[in-house]
Every structure is written in C-alpha cells, then in structure tokens.
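Below: a set of structures, written as structure tokens.
Both complexes shown next keep chain A, but they swap its partner, so chain B is in the first and chain C is in the second.
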Partner chain A sequence: MLTAFVRAFRTPDLRNKLLFTLFILVIFRLGSAVPLPGIDSAEIRQCMENATASGGGVYQLVNLFSGGSLLQLAIFALGIMPYITASIILNLLTVVIPRLETLRKEGQSGQARITQYTRYLTIGLAVLQSTTILAMAQSGQMFQNFCSPSLFMPNQDILTLITMVFTLVGGTAVIMWFGELITDRGIGNGMSLLIFTQIVAVFPSEMIRIWQEQDRWVFAVIVAAGIVMVAAVVFVEQAQRRIPVQYAKRMVGRRMFGGTSTYIPLKVNQAGVIPVIFASSLLYLPTLAVGLLGEDSTNPVVRFLMTYFDPTQIHPVYMATYFVLIVGFAFFYVAITFNPADVADNMKKYGGFIPGIRPGRPTAEYLDFVLSRITTAGALYLGVIALLPMVALGTAGASANFPFGGTSILIMVGVGLDMVKRIESQLQQRNYEGFLR
Partner chain B sequence: MNTLILGLSIVLMICSVLMVLLVLLHKGKGGGLSDLFGGGVTTSLGGSSVVERNLDRLTIGTGIVWFACVVALGLLMGAEVPPQ
Partner chain C sequence: MVTKTRDDDGAKPEKAGGAKTAEKKSRTSPLLFYRQVVTELRKVKWPTRRELLVYTLVVLIFVLVMVGFVTVIDIAFGELVTIVFG
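So, the complex of A and B:
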C-alpha cells in the first residue's frame, strides 16, 4: 500500500496529476469557507452551532453534500448540488424525450451534447436555488428561527441581495469548471471527487462532536460499526458475477481471429450509489414544500408532511418510502444502463456465445434473467445499507447526521475505490514490470 | 451606501456573468451522472487547442478578479456595519 504511494509520487506524470488535483481541492475548500459579501461569518457560525445542537436544520442532507458551506452561506454554498440535480433531470428525461434518447445512443458526440445541456441546466438551477436559499435565510427559516436573520445579514437592501445571487451563481460555475479541470488534467472524476471532499470534510468535526457528547463506549461501538460497514460495502461493491462467453474462431482473409473465451462481468450493485442520491434528493422535496408553505399546523398538507416526512424524527413511513424509492431507482438505473438485447446482438455479430445457450433472443433472455436476479440482491443491499444507520440510531437515540450515514459511506467507498483503481492503472501504464526482476 | 461598495458590487456582478459565460464556453468534460461514480473510462488524449488554452487563461484571470472582489466587498461591508 505504502510502496504504491511512493511509486505514484516517483512517476513525474502521475505526481503532477495528483498535485494538480490536490491544488484544486484546496482552493475548493478555501472557497467553501469564504462567506458571501454582506454575511457576518462569526454570527452565522454561532447560528449554525445553535441550530445543529438542538436537533438539526432543514438542510441536513444538502448540507452534508456541501460540506457545511451551505449553512455558512459561503461563496461555494450551492456546491455540486445544482450539477447533480441537472444530471438527474436529464437522466430521467432521456427516457421520456426521444431526441435525448437518440443523442445518447449516438456515442461520443451525442454524449457531449447532453453534457452541454446539463451544464446549461446547472446554471439555470443555480439561479433558482440561490434565490430560494437566500429567501429562506432572509425569512429566518433556514435555522428554524433559532436566530434572527438581521444578525448575520446586517444590510438587506436589494443591491446586496442581488450581488449575493450573482456571486452564488458565479461560484457554481467555478465549481463546475473545477470538476471538469480535475477530470481533464487531474486524476479521477472531478465531480465525484468534489462530493467526496465535502463529505470527508465534515467527518472530523462530527467525530469530535460524538466524542464529546457521548459515552466513550458508545464512541467505540460507533467507530467499530463504521469500520464493519465500510468493509461490508467494499466487499459488495467489488462483487460481480462473471458470465462466460466463448468466441468462435473465424477466418478473415488469411488471418485467424477469435477463439478466445472471456466473460461478461455483471456487478451485484450495477447502479452504484446513484439510486441513493436520487432517492434522497426526492425525499428532500417534502421538507422543501414545508419550508415554502410555512409551518402552520392548520394546513392539512403541511400537517401530513410534518408527521410523516420530517427528517429529524424518522417515521416508519419515511423509512419505507426511502427504501422503496432506492429499490425502484436501482432497477430503473440498471435498466437504462444495461440493455441485454443489445449485448446479445453484439455478441452474435462477433461470433460469441454463452456456453449452453443459443445466440440471439435466448441469450438476451438469459442475461435479463441473471441481471434481474442479481439486481434484486443489489437493490436490497443498497436499501439496507442506506437505512441501517437510521434504524440503529433511531433506537439508540443519536442524531440523524451520523458520520457513517448510509449515503455518505456509499459515496466515500465508491469514489475511494474508483480513485485507487485509476491510480493503479496509471501506475501499470508507466512502469511495466519486465521479464527479469 | 458607499460608492466604493456600489462600484465593487457592479464589478462583481459583471465578473460573475463573465465567469458563467466563460465556463460554458469550455468544452464539457465527463459524461454526466453515469460517469460520476465510477462509470465509463473516457480518457481524452491529446493536448488542448490554442483556443482552449487562451480560454483557460481568460477564465483564470476572471476568477482571480472575481475572488478579489468577493473578499474586498466582504471586508468593506464588514467594516461598514459596526457604526450602525
């Protein structure tokens, strides 16, 4: 493990990439701590402490994704959220709108077009979200009336507010550019690394908070549970079923091709962490609705949402909805990304077959059967991992923003594994271990 | 309202708009969400073109001005408030 790191830093190319990535991440974290012009940073930090100490605010999950910068109203307060939302929207739209579907099938150029649409939509969403957040902050709803907005927003004239909106949107553009720079010149996927950074950034302070608030034994148990969960997630993320494929020998001209036997890897959790993100973004809608409608308990809709979908006091209905959404999205996402009929067609074209099964439609049916069985296990696993902390902590009485929350563990492990794999493949590209050693 | 603050606010707004436009002018890298969490491996080989490099420089310049404006404006507004 350590030798790999030393080797990574000995390779000049890889070293530059790693340092570049670190540099961008440092700037990103720095920007997450700089407050917007017109915001009193000392006051707002005080407000945030008050709010989190008494059970957490509305934006728990979103704040998790933004690494605490949202509640501080930093210049990068929106973080990566607009981009994620835009990608989710476009992903869902590809199923509905035929034009996007054809673009997606077009290969690289079509994909580039979709990316471009995502970027436009990101800016649009950034304008929307920044105004919403500022409106919530101004009306004092952001901290659930724990402190008055005039404390941290001393001058609320229209010019200051407009400047804030512009700055937030500009910040979102900068973050998007950072992500693309990392993808392009650094190592790993930029956007996911940025999310990873924000989640990890909250980690130490959360651990310190638990250490201070809870008993030492409780702390030890929580750490142990976290380690076990990480191990379990790594284990399942790596798991895959290999379906053997045999390619027939064929002659092209006077050369012999094929005759090899390979396999199709079907991952147990083919959808990755995306279903969890989709589901939690959707579940955040009721809280947003409550925020917009106001918290008067006479309105039946508000009362319904408050009793069943309040993230601070987890109701069984909330958990069940979360679980069902995750399982549903897992199947949905696998269905979008893996098309058994296409795979079977391709295999038939190149003279490949699964031993014991006819090429063509029977192969597609077989793949579909195996895939849906595997995905059932994968989807249940995702739902259980995401729910486990909630259930355990609900009974133990700890707060919901536990650092080993299912979503954050899944994202951390997923991105971390991806990172390690990429570095390793880069290493193997550079120093090929020769015959004699 | 201080004229300096007013001026800086306007500069900041212009910079933000410029920033958005410049970033959107870049060619988007990475293919959305499926690429987000260990999806396909899309490595683009080959260096960036001259246009792209100049665009990078412009973006970095605008970014620095933007950040300086944010910090200066934050400090000015912080300094202005206590007497009230």
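So, the complex of A and C:
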C-alpha cells in the first residue's frame, strides 16, 4: 500500500507534478511567515502568543482560515479566502444574471471571461478585507487589551498604511495565481489544496493546546473520535450509485463498435467539500463585519451579529444557518456541475441507453430523479458531519475551530481523499496498481 | 447514417410529449420523497470493509505527512524570519 507513494515518486511526470505542487506550497508558507512592511515582527509574535494563550476564540477562528498568518500580519495574511468568496459570488451570479449564464454556456472562451471577472472581484474584496484588518490592528481591536498597536506598528502614518494595503492585495493576487498554477500544472484543485494547507498549518498547535489543557484520557477520546469521523467521511465519499448504461452495437465501416455495458458513477456526495468551504467562508463574514464596525454594543447590527453569529459561543441560530447554507450549496453545486440533459444527450449520441428507460428526455429525467434523491442524503450528511462535533463538544467548551471540528475534518479528509485518488488514477494510467491491490 | 436520422426523428415527438407530461406532473409528497430517497440509497454501492480500511489509512497517512511537511517548513521559516527581521 505504501509502496504506491514511493511509486508515485518514481514516475517522472507524476513526480514533476507532485514536486511542483509542493514547491508552490513552500512558497505559500514562506509568504505566510514574512511580516508586512512597517510591522515589528518580534513584537507581533509576542502579542500573538499573549492573545492565543488567553484562549480567545475569535483569534483561533480567524487564524484557522488564514493558516496562522493573519495574526502575524504576514504578506499573505488574507490567504485564499478572498478568491473563494469571489468565486462563490460569481457562481451565484451566473444563475441570476443572464449575460453570465450565456458566457458559461459558451464553453472555453466564456469560462475564461468568467475566471477573469472572478479575479477582478477577488482584488476588490482583498482591498476591502485588507483595510478592515489594518483598521482592526490600528485601533488595537485585533489583540484587544493584550497589547497596544503602537508596539507592533511603530509607524502609523498614511503612507505606511497604504503600502501595507498594497502589499496585502498583492499577496492575495499571488495566492490566487498559485491556486491556478496548481490546478493547471500541479496535481489537484489549487483552491481546495491551499485551504487544506492553511488548515493543516494550524493543526499541530491546536493539538498541543488540547494536550496541555485537557486530561490525557480526554485527549485520547478526542483523537479516537477524530479517526472514527475520518472513517465515516471516507465511507460516504466512496459510496456511489452506479447507473447501468448499455451501448448498442453498431457497424462503422467494417468494424463493430459498442455492445459494452458500463455505468455512470453518481457519488452520494457529488458536490465534494466545496459546499462546506463555501458555507464556512460565508459564516466568516459576520466576524469580519464586527471587526469593521467595532465591538461597541450600542450598534444594533453589531449586537445582532454578536449574539447570533459569535463563533466562540455557538448559538443555535448560527448552527441552523450553517446547516442550511451547507445543504443549499450542496444542491446548488451539484446542479451547476452535473447537467442531466447534457449527459443524456451525450449517451444518445453514442448509442447508449439505461436499460428500461428511453434515450433522450426520459433519461435526463431519470438521472435528475436519482441525483436529487441521492444528493438529499449527501447534503444532509455534509451538514450533520459539519455540525456534529459542534453539538457534541459545544457544551464542553470546545469551539468551532477545534481541530476535529467538522469543517476542518471534512476539508482535510475530502481534499486528502481527492489528492490520493488523483495520484492513484495517474499511477493506474501507467499500469501500476493503486493503493488497493 | 441510418441510425442517426432515426435518432433525430425520434427526438422530436419525444420532446413534445415530454413537455406535456411535465405540465401534468404533480408534486411529490414529502413522505413519498423520503421513501424514494431510501430506495435510492439501497441501490448505492457502499465501499467494502477492506476498501474503507485502506482508504482511511491512506488518507490518514497523507494528512499526517502534509502536517509534518508544513510544520517543518513553518518552523524553518519562523526561524528565518527571526534571523532576518530580528
């Protein structure tokens, strides 16, 4: 089984892809360590240690989604988040705006235009987020009363601040480029791999925190529960509904074609981890809004956000919103990525049919029927896995950013499984066995 | 060629007929929908015990390797930043 990993490195072009991906990840982490211009890096590290040692929950959530670089005010402090938010917004808009929909249906060139719009939007969001974060840092809210902003930002004139905003926006653009490079020339989906790296980066420190704060047996139980959850996620991700397809025999020239029977694999969770990533990045927005508006309790909007959407004390409204968002995005994403009418059309073109169902429209309807039933189960599974640890541990004082929180487990296992299977299929293309012999 | 024209001919009346039935189709009741979900889930090919074990292990190894990798480079870059920026 492990020899498959070794064999992956022996195959030249697969090795190149893997090394390229790792190389990009190394640069990504380097940028997450280098501080912004005008920031005293020794002081800010001290501030961060003080703040996290006191166990402030917001910091950890914010940290989780930036791979630890936000609190350090690194040049990659914004992480991949603006890009994800921008692509959600564009995905949603394609349904609403007819012009975007025609672009999407245009194929390659239209898709390129949409990607271009996503990039512009990312830059816009990055400008917004970087000013928010710098405003938070400058007013001293980022570390609350743990340290004063004049310590780590000795120089607060307008030109320094502008330089910082430019650096942060530039960093975001570079990360976006990294994501696309990984998708193009590396292995796996760049966007999910980068968010995977961000989560993985804070994993050890979270584990150490639990090890220090809790009893040994609690730690053991948490690890065991984590492994069980990993197995559960793998179990559902691997489940497929196979729809049999029979191909008619036909003569082309003097040769026979077709007559084979295959199947269309429909995963129970056809949407993968994307709904979870989308939902959690949307729920991250209220925290950001509170940071922007300031934490005074007289502002009704702030009070509303603080009572219902504070990630440290998980309110039922917060959980319900999260659940609804995940389920909604799961259906939405499946509807975008899998078009039953297209699949049915393609099958008809090549003389394929589902036994017992007529080709063309009835086939499309049947596929739609099965897909909607299966996705219902898949979406509920995503929601439950994401919320289960919150419900089970929320009362015990652990929060959403807990390393075995459903969101991080789903992203880690989902992306991990996806990567492993991509490597496996690349191996099998070259006649090697995969992991399962 | 013959098959192609037949296919094309067949598609047109089907489409017209399909549109008519779609108008008549009534909504599925929640109970029926639930039952249909269960029947579809019965037809799902769930992974075998061996498959589950192997993939769980492989994913765990992959995640742990990545955690190790990222931690090592993070510590190295942390040291580097301390040296360079003080």
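By definition in this document, the second predicted complex is superposed on the first by the 398 of 437 C-alpha atoms of A that agree within 3 Å, B and C clash if a C-alpha of one lies under 4 Å from a C-alpha of the other, contacts with A are read in each partner's own complex, and residues count from 1 in each chain.
By our rule, contacts are C-beta pairs under 8 Å (C-beta built on N, C-alpha and C of every residue); 3 or more make two chains touch, one makes a residue touch a chain.
For clarity, every value in this text was computed on a predicted model and none was experimentally measured.
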item	value
Touched partner set for A:Val34, first chain B, second chain C, both or neither	both
Which of chain B and chain C A:Gly406 touches, first, second, both or neither	neither
Contacts of A:Pro275 with chain B and chain C, given as first, second, both or neither	neither
Touched partner set for A:Gly360, first chain B, second chain C, both or neither	second
Which superposed partner A:Ile374 touches (first chain B, second chain C, both, neither)	second
Chain B versus chain C as contact partner of A:Leu417, first or second or both or neither	both
Interface residues of chain A shared between complexes with chain B and chain C	34-35, 417
Contacting residues of chain B [partner chain A, same complex]	1, 6, 9, 12-13, 15-17, 19-20, 23-24, 26-39, 42, 44, 59, 63, 66-67, 70-71, 73-74, 77-78, 81, 84
Residue ranges of chain A in contact with chain C within the complex	1-2, 4-5, 22, 25-26, 29-30, 32-35, 41-42, 68, 196-197, 200-201, 203-204, 227, 230-231, 234-235, 238-242, 250, 268, 348, 351, 358-362, 365, 369-370, 373-374, 376-377, 412-413, 416-417, 419-420, 435-436
Chain A-touching residues of chain C, taken from the complex the two chains share	3, 7, 10-11, 14-15, 18, 33, 36-37, 40-41, 43-47, 50-52, 54-63, 66-67, 69-71, 73-74, 77-78, 80-82, 85-86
Residues on chain A engaged by chain B in the complex (per definition of touch)	31, 34-40, 75, 84, 87-88, 90-91, 108, 111-112, 114-116, 118-120, 123, 154-155, 157, 159-160, 162-163, 166-167, 169-170, 173-174, 176-177, 179-180, 183-184, 189-192, 272-274, 337, 411, 414-415, 417-418, 421
